[in-house]
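In the two complexes below, chain A is the common chain; its partner is chain B in one and chain C in the other.
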Partner chain A sequence: MNDSTAIEIPFHHRQSAHCETGVLSNLVSHHGLEISEAMVFGIGSGLFFGYFPFVRLNKLPLTAYRIATGGIMSRTTKRLGIRLEWQKFRSPGKAMAALDRMLEAGVPVGCRTGAYWLSYFPPRYRFHFNMHNLVAFGKNNGSYRISDPVFPDPVDCPAEDLAKARFAKGSMAPKGRMYHVAHVPGADEMDLAGAVRKGIKEVCRSMLRVPGPFIGAKGIRYLAKKVENWPAKLGDRRAALHLGQIIRMQEEIGTGGGGFRFIYAAFLQEAAPILALPVLSELSDRMTEIGDRWRDFAVIGSRICKARASESESYSALAEILRDCADREAALFADLEDAVR
Partner chain B sequence: MNQLAKSKIDPPDLKQSLKIMIVQELNLVDVNPWEIEDDDPLFGDKFGLDSIDAVEVVFQIKAHFGVVIRDMKEGRKVLQSINTLSEFIEKHRPA
Partner chain C sequence: MKKDEVPQDRGFSDGVREISYAVDENGRYVLVQSQGWEPKTVANDQAWEVIEEDLREQIRLIKSGKRSPLAYHMTRNLMDIGLLSSYADLPRWRVRRHLKPKVFRRLSADLKARYAGIFGITVAQLHEVPETSEITPHE
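The block that comes next holds the complex of A and B.
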C-alpha cells in the first residue's frame, strides 16, 4: 500500500468488556448481523468456573471464570453459521502486506496480538497476553486505525508496533494470525434460537456435570475449602497474594465484573424473547444477584489483601460467600437446563 | 459521610466528599484529603492505589451515592481522577 494514500473503512467501534466477544460482535455487526457482546458470549458458552491449583499464572493458581481464549469465537461462529477465514504467517513482512491488501479491498480485519507491544496501551496497563484481539480498519501515514474493544474510541498504532504485537514471542504466540468475516448467513438461513439453546445447554453441563472437583459449582466449593485453609497453610502474606490473584481474575481481566456473571445475566435477558421463555428474565435477575455476591467476595477479599478488614471479614467469611455462590449457581443452572430442555 | 453524600450536593462539595471518602475508606493514613487535586491520577504511584483498591472504591461509590459501576473496564475510565469520578456520579446518580 502506498502510505500517502489514507484508507479508513467505515467501521462502527463499540467498547466492550472483553476483547474476544467485543471484536466478534463488532466485526459481525459490520457485515449486517447486529449482535451484542452478551449474545456472542452466551451463544459461545463463555461462562465457566474452574479453579486449577496445578496450573500457575504468575506463579499462583489459576482461577478461570470463562472458557479458554478462542473458544467463544469458534463456538459462536459455528453455531450461527458465520464463516471466518483465518491466516497465519511466518514472516512479519508478508503478514503486514496481507493485512494491507485486505484493507485496500475494504475489509476490516481481526488480528491476534500480544497486548504488551501495543503502544497505545498506557505503559502501566501493558501486560504479556498473546491472545488479545483487535480490528484494523484503516491506515494513514504509517499508522493503522484500530478498533480495540478495550478502548472507548478507535486508536492509532504505528505499523512497526502492530507488527511486533502480531509476532509477539512466548506462550500462545499469535504468529501473525488474522481473520475476516467471509460469510454471514441471512436471517432466513440462521437458527438464532437453536444457537442460543445450544449455548445455554453447554454452559449448564460444564457448571453442573463435569467430572472431578475443579470445575463448575463443585469447583467453587473446592476453592472455598482451599481459601479457608490459606492463612494457616500459606501464612498471611502468601494467602493475600493468592486472594489478590483471584480478585484480579474476577473483576479486572476483561470480565465485565463479577467474573462474567453480569454479562451472562444480560445474555439471559436478551435470550428470553428469542426463545419465548419469560422465565429466562427471572433467571437473569438471579444471575445478577449472584454477580453481586461474587462482588461481595471481591470487596471483602480486597480489604483482607490491604489489611483493612474488620474482625468478621475473614477467610472463613470468604469461604461462606463462595459456598453461597456455589449453591446459587448450582440451583440456577439446574433451573436453566430445565427451562431450555 | 453517608448523610452528606445522599443529600443534594453541588459538584464542588461532591468532590470534597469523594476525597474524604477515599482517604477514610482506603485507610490512607498519610494522605490529607485536601492534598488530592481534582485531576490527580487516583491510581498509580502518587497515592499507592492499585486495582485491588479499585474494588473497594467501586463498592463505596455504590454505598454512598447509589451509583453502580458494574464493569471494571468502565471503572478504569471513571476512576481516573476526582473530576472523572464526580462527573460519572452526577450523570448516574438516582434522582
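The block that comes next holds the complex of A and C.
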C-alpha cells in the first residue's frame, strides 16, 4: 500500500471530558454499543481520591481524583463483557505497521501515548505524562487522522509525532500499546444493571473503607491537615506550588470539572432508571453540590497562588473546604452504598 | 455547576474548548464547551513560571561556562537527567558528563545527532542557547 492512498474509517468523533473514558465510549459506540462517557466512568469505578505525599509528579506530591490509569477501561470492559485486543511492540516501525494494517482492515484503533510529542496539543498542555489515549481512524499522506476525545474535532498528526508519542519514555511508558474492540456483547448478553451496581459498590468501598490515611474521605481529611500547615512548613512559595498542583490535578487533566465529581453526578443520573432507584437522582444532585465545593477550593486556592503573600487565614479556609468535602463525600457514599445494597 | 455558569474565561489552550459537565434548566446533565477558567489558568501559569525560571537559571550557568547547551535543551523539553538518559539510551552518568561544557564540545557527531533528534532540532541548534530576556513570561 503506497503512502498516497488515503484511509478514513467513518468514525463518529464525540468530544468528551476525559481521554480514557472518551476513547472507550467512542470506540465501543462505533461497534454498535452506545455508551456514554459518564456510564463508562461509573461502571469503571473511576471516581477516587488519594493524596500521596511520597509519590512525585512534576516534583510535587500526587493528588489523584481518579483510579489508576487503565483501570476504568479494564473494569468497564470486564463488567460489560466487551473484549478489547491489546498489543504492544518493541519498535516504532513494527507498531506503526501494525496500526496501518488495522486501519486498512477498517478497524479504528485506540493508542496509548505520551502527550508531550503530540504536535496538535496546545503547547501549555504538553507535559511528559504517558497516560493519554486517542483513536486513530485514518491515514493520509504520512499523517494520521486522530479522534482525540478531549478535542472538539478530529485532528491530524504527522506519523513521526505519533510514533514518538506511542514510544514516549519515562514513567508508565506506553511501549506502542494499541487496542481495538474484538467483541461487543448483544443486549441479552450484557447485564447493564449488574455492571452499574458493581461499579458503584467499588467506588463506595474505596471512598469509605480502604485502610490507611491517604485514600477516600480520610484522604481528603489528611490533605486538609497538610494544607493547613503548608505556609509554616514550606514557606509561601512552595506552599503555593503544592496548592497549584492540586488545582491542576482537579481541573487540568480533563476531569469535566470538580475532580470528576460532575461526571460522576451525570453517571448517577443515568444510573437511576437503569437500577430503578429514583434516590440516585437525589444523590446525583448532592454530588453536583460536592463538585461545586471542590470548585470553591480551586477558586480560593488560585487566589492564594496569584497573591503569593502569606495568607495563613486562607490556607485555613482551604482546609475547611476540604473537610466539608470529606464530610459530604463520606455521607454521600454511605447513602449510595445503602441504596444499591 | 449550571449550564450558564460554565466559565468562558482566559484559557491556555489556544482557543481549544474543553468539555465541562453542567446541569441544564431541568437539572439534567449536559456537556458544555468551556474556553477556560481563571483558577485553572492561574495554576497552569504558575507551573510554567517555575519552568521558565529554571530555564533562565540554566542559561545563566551556560553563559558563565558552568554548563553545556545540553542543559538548556533538556530543561526546555521538561526533561531531567533520568528521562533524557532514557530517550538517549545512555546511562545517567554519561548524560551528566555531557552537561559539562568541555565534554559536550568533544561529543561525537553521532551523539550530538542523537540528542538533536530527541529534541526535534538540528545539531546546529543544539549548540544555540537564547538570551534570558527571550524567556518571557506568557501573558
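Keep this in mind: the second predicted complex is superposed on the first by the 334 of 341 C-alpha atoms of A that agree within 3 Å, B and C clash if a C-alpha of one lies under 4 Å from a C-alpha of the other, contacts with A are read in each partner's own complex, and residues count from 1 in each chain.
Throughout what follows, a residue touches a chain if its C-beta (ideal position, glycine included) is under 8 Å from a C-beta of that chain, and two chains touch if they have at least 3 such contacts.
Keep in mind that this is a model prediction, so the values were computed, not measured.
Undergrad: Identify whether chain B and chain C fit side by side or clash on chain A in the overlaid structures.
TA: clash
Undergrad: Where does A:R248 make contact in the superposed view: on chain B (first), on chain C (second), on both, or on neither?
TA: Once the two structures are laid over each other on A, A:R248 reaches both partners.
Undergrad: Where does A:A17 make contact in the superposed view: on chain B (first), on chain C (second), on both, or on neither?
TA: A:A17 sits against chain B and chain C alike.
Undergrad: Of the partners chain B and chain C, which touch A:S206 in the superposed model: first, second, both, neither?
TA: It touches nothing on chain B or chain C.
Undergrad: Report for A:V299: first if it touches chain B alone, second if chain C alone, otherwise both or neither.
TA: Both partners, chain B and chain C.
Undergrad: Using the superposition on chain A described above, determine whether A:T76 touches chain B (first), chain C (second), both, or neither.
TA: The answer is neither, since A:T76 touches no partner chain.
Undergrad: Name the chain, either chain B or chain C, that contacts more residues of chain A.
TA: Comparing touch counts on chain A for chain B and chain C gives C.
Undergrad: Considering only the contact definition stated at the top, list the common interface residues of chain A for chain B and chain C.
TA: 15-17, 124, 150, 152, 244, 247-248, 251-252, 254, 256-258, 262, 291, 295, 298-299, 301-302, 305-306
Undergrad: Please output the residues of chain C touching chain A within their complex, sorted ascending.
TA: Touch list, chain C to chain A: 1, 12-14, 16-23, 27-29, 31, 33, 37-40, 42-44, 46-48, 50, 77-79, 83, 86-87, 138.
Undergrad: Which residues of chain B touch chain A in the complex?
TA: 26-27, 44, 51-56, 59, 69-73, 77
Undergrad: Which stretch or stretches of chain A touch chain B in the complex?
TA: 15-17, 124, 150, 152, 244, 247-248, 251-252, 254-258, 262, 291, 295, 298-299, 301-303, 305-306, 308
Undergrad: In their complex, what parts of chain A are in touch with chain C?
TA: Touching chain C: residues 15-17, 38, 58, 116, 122-125, 127-128, 150-152, 169-170, 173, 240-241, 244-245, 247-248, 251-252, 254, 256-258, 262-263, 265-266, 269, 284-285, 288, 291-292, 295, 298-299, 301-302, 305-306 of chain A.
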